[in-house]
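Presented sequentially are two complexes of chain A, the first with chain B as partner and the second with chain C.
So, the complex of A and B:
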């Protein structure tokens, strides 16, 4: 990013108002001056960011880990897919989705890797977004250019999101492609749409962690501190949060002998509600519902609700509907994190060293 | 021969005095004796007489034996030991047993029949046979219960006896003159067969199974069954009374037995009740076995009358439980008349209401709106 300032066209003299106009009205973008083509500065910044990300050793390490684990999980899925075929399985028509969900226990399936390594990827791409520019002194140089201040944070976010999106689409389609080659059954339209939604969901989930780490990169001057803070939050939600919830719910759990069914259900709902404050729980519930169409409910069920039911896969719309609260929460949390990174950044006092 | 004996009897009776005695002495030197001089038998019977031939004279006598005055178609046989005999020699003062078997044919009139056993030149033994009833020369096909009643899907089993009253062995072909579509099965000796062989004067018990035509109307049906050979035949008229059958079918006009329903919402489903039986259905009521907290109402609540072959539509309103989860539920709906019932299983794909979805969209819009607001407030200064 340090040489980003050079990339911004120097012939762009009309100042803020002209640039503002060109940003809002793309038609004016191709305004020719002195024979060279004028480029949108935001786009330039995003492209530069992407090339920085992709070339960084950090990204290469992260993507190799994820690609290797993906291949490992795909291998276990393919070796176990034959045993997953069960003639009485109501979800039998969704064989292809099992590529993403089954495992024999030696290696976790693909969805588990995504929920586990996705946050790491998000934190890894975002933890030094702002504070590195600041510590190198390039931020003030960048801001000296005739661009909006929020272009910087927006470009950082958009570039990382783009990299993540490309990566997840590539990995999921890699699984799909190898799956088609080895099992010889193409996915049905519904399966394909479910996989697409699953990819979008993974991108949103990683975007949440990306935004969270951008918050820390705005707040903390040292990249190491913000990386640690991001990892601490991730570890807290993945490992400590369920422990704490267990501790609390154990203490207030109604005794099984005394509690009525109503109480037991309410307590279970309360416990699940607490657990769902963690984004990783939301993500894993949403993915398992999407990729296992037979999941009909995510909470405790009464016998009254179960009476008269027959096992069968849910239509796609109903599956999405079931995880709609999860989707809402994840999207809202992602946007909220962005807001909490954006506002401090805009108000930040930036001085040249 | 009978003419000769009658003549001799006429000649003998008016003769008097010594002539007569001397005649008797010579004539009576050999006599015939049997205790059963008058026998009553049914037609077709074989009579075995045991006759003693007695020599009263002091010298050996050769006696010619023959039967006279017997009906033409009656067969007879004189035997002694294992021989057919015509003449027998008897020592003085001795007696000899001979046997006479007479076959009374089936085709014989009721009445009194006489014939004589004659020891030629010595004695004539008159024998009397009373045929106790009119003889037949025919086949009899009878059933002690030739009328049965039942539903149209019942299986009627008649017990019948086929008797060969003719004098010869017969092979009977068995067939029925049932209306088209009716199935008649003959089972002589418990095995399905189309023909049966019967010795003379014997009978065979058989069962006749009859399946009525599919969806036969109520009424009385005559099913003649025949046992025939080229010379004789017998007919048995069976009668079956079909009572009305009760059948009905519950379905939907399209045959589709599934629909979508939103949890907590009502759905109207048209049902079709069809009387497929042959009797009128009355008081058909509806009931259901739905999941807990589901409500099903029927309009009309009951069908008063439904003629055979007719159908009627019933509007069913189903209200799903508010707490029903997405996915498939089944509800059993039963139409029940006092005689019969019909049940369908209806499948409901439950959808959850959209309210929460709009709420989620609202939250996302608010979040994105706040970002837009921030862009406007801070970004473009």
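So, the complex of A and C:
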């Protein structure tokens, strides 16, 4: 109480005088606010990177693609939500989450869009982070300023992450807002928390691709090369990796007639383990578990395990428990990518272009 | 010499087996304009990077304004302005915005940075292009913007890496005059690297000749030329026209012989019809008189001073011969 009392006048004073000043001299206030603050150079850099990202044509294109697809998927979800209401559906109480997951097949739902376009966004924001500075000749000039070298790569990462976060929060809340208006049912607290975790998960997922493309931007001098390298990794995981896994698992698949249940389960675990090396698989498993509370297990279940279960949604804690490995794996992959970008950048000798 | 601002001791940098900078000792005093001269690949840029603490030396120490660049690069970079070779700017930002960004990175507020940048842009002659996008600047304008960018942090030392490369002669002159003026007015120490010897000669107080990672010679141009010339400090170049009237005499008395007999002449060399007379003191008037009296038609006589170019080539040849 005492602390609070102290804070209030202290906080009020500059606000009042600022207000007073703005009455006296219009236009002064803004200048005072932005112009006279001594800022940490790191903040200055992050601000500049954010404004560069937001103003770039590339970002405008990416965000319009994503915003349009979001609206498209929202539209299909809204037109189909009536048919999704099923009195016998155990997940009926989670109607709101269906906005993000259902589709009639004409347009994929929101979560599929995020898992598909997210990597593109990450690669798009990061592929020229370092090498463009270098080829413009600004990197060596920047390094001659009294800043630590890692400010540069950190500022790029933080700025892009900030832009991505704002964007995902905005889009997901947009879906939520339009959903509330059109279906008239507000989300429950649990649904809201599930959506928040889903947003955080998408940010981590995109941050992974962002860091991957920053690695390439440190390694390759040409922005085109690093963009292609990033896209190649993405395509590999989305298209070729499942194919390769199929080839491998077909070759070693135990024949269904001969295999014991134990063998079949082991094989299936092995196949899933291989598949989960791909970050996109991790992400889609995690998101579907989060947004579809009826998902009870991500691995094979035997009839014995299913026997006697009451069909019903998992509580939030259990859903999170189920995807905890996915979450840690994604975060550690993101951090690892950042380290692989950071260390070579710190060791690199920067000459003029 | 005044207090030393840049002090390099035993500086060495190796890339694999290649030694880019080899046990370099150098000291630059306050307010001096020092030219680091040498051919491409001599290790000039590497030395500059080490002075700024942008790359770590394998051995040796760098002290700038009393601070160790290897251990406290940020402190050094607060005091040192560096204009890299072929400097680049953010193309989408105007010249002013580019400078303001640099200013803010140096801890200025936005209003301070704007005021300072406007003054600087005016002093480098870019006041008309202040709001033009840096992407539309010409090479020379970029270089001047670079100089303003270096000066916005009020540096004690500025280091310019090949600042005059790729600018036209008028531009070079203007740029160098600007550097000299700034150095004298603000008492800024200037270190710049170049392979354009003639231009460097015009502005440098002292130069260091840099070949193969070693400093071959350092000093002001006069002392270098004295060192180079050895015991014949004066060289007179004489041109003589062939004269039909005196053709016969000329054969008997070869000009070289006449010159050789003169007092104070050490060497006489003939190259393409020109005679190069090395002498102990300035006897150019005596040479002229002697030749005219002997019936030669003197067409050309110049007292040659060793320029940086000569010094450089002399040293460079010497180096090449040693190997």
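Quick note on the criterion: the second predicted complex is superposed on the first by the 315 of 353 C-alpha atoms of A that agree within 3 Å, B and C clash if a C-alpha of one lies under 4 Å from a C-alpha of the other, contacts with A are read in each partner's own complex, and residues count from 1 in each chain.
Heads up, the rule we're going with is that a residue touches a chain if its C-beta (ideal position, glycine included) is under 8 Å from a C-beta of that chain, and two chains touch if they have at least 3 such contacts.
Treat the numbers as computed from the prediction; the structure is a model and nothing was measured.
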Chain B and chain C placed together on chain A: clash or fit? fit
Does chain B (first) or chain C (second) touch A:136, or do both, or does neither? second
Q) Touch check for A:44: first (chain B), second (chain C), both, or neither? A) second
Task = Could you look at A:336 and tell me whether it touches chain B, chain C, both or neither (first, second, both, neither)?
result = first
Item to complete: Applying the touch criterion given at the start, work out whether A:308 contacts chain B, chain C, both or neither, answering first, second, both or neither.
Response: first
(message) A:349 in the overlay: touching chain B, chain C, both, or neither? Say first, second, both or neither.
(response) second
**Message:** Under the stated touch criterion, which partner chain does A:325 make contact with: chain B (first), chain C (second), both, or neither?
**Reply:** first
- What is the contact status of A:148 with respect to chain B (first) and chain C (second): first, second, both, or neither? both
After fitting on chain A, the minimum C-alpha spacing between chain B and chain C in angstrom comes out at 6
Dual-contact residues of chain A, meaning touching chain B and chain C, are 148
Touching chain B in the complex, chain A uses residues 20, 148-150, 296-297, 301-305, 307-312, 314-315, 317-318, 321-322, 324-325, 327-328, 331-332, 335-336, 338-339, 342-343, 346-347
The chain C residues in contact with chain A across the complex are 45, 49, 52, 54-55, 74-75, 77-78, 80-92, 101-102, 104-111, 114, 146, 149, 153, 161
Chain A partner, complex, touching residues on chain B are 290-294, 321, 323-331, 347, 349, 351-352, 356-357, 359-361, 363-364, 367-368, 370-371, 374-375, 378-381
The chain A residues in contact with chain C across the complex are 31, 34-39, 41, 44-45, 48, 52, 55, 136-138, 140-148, 349-353
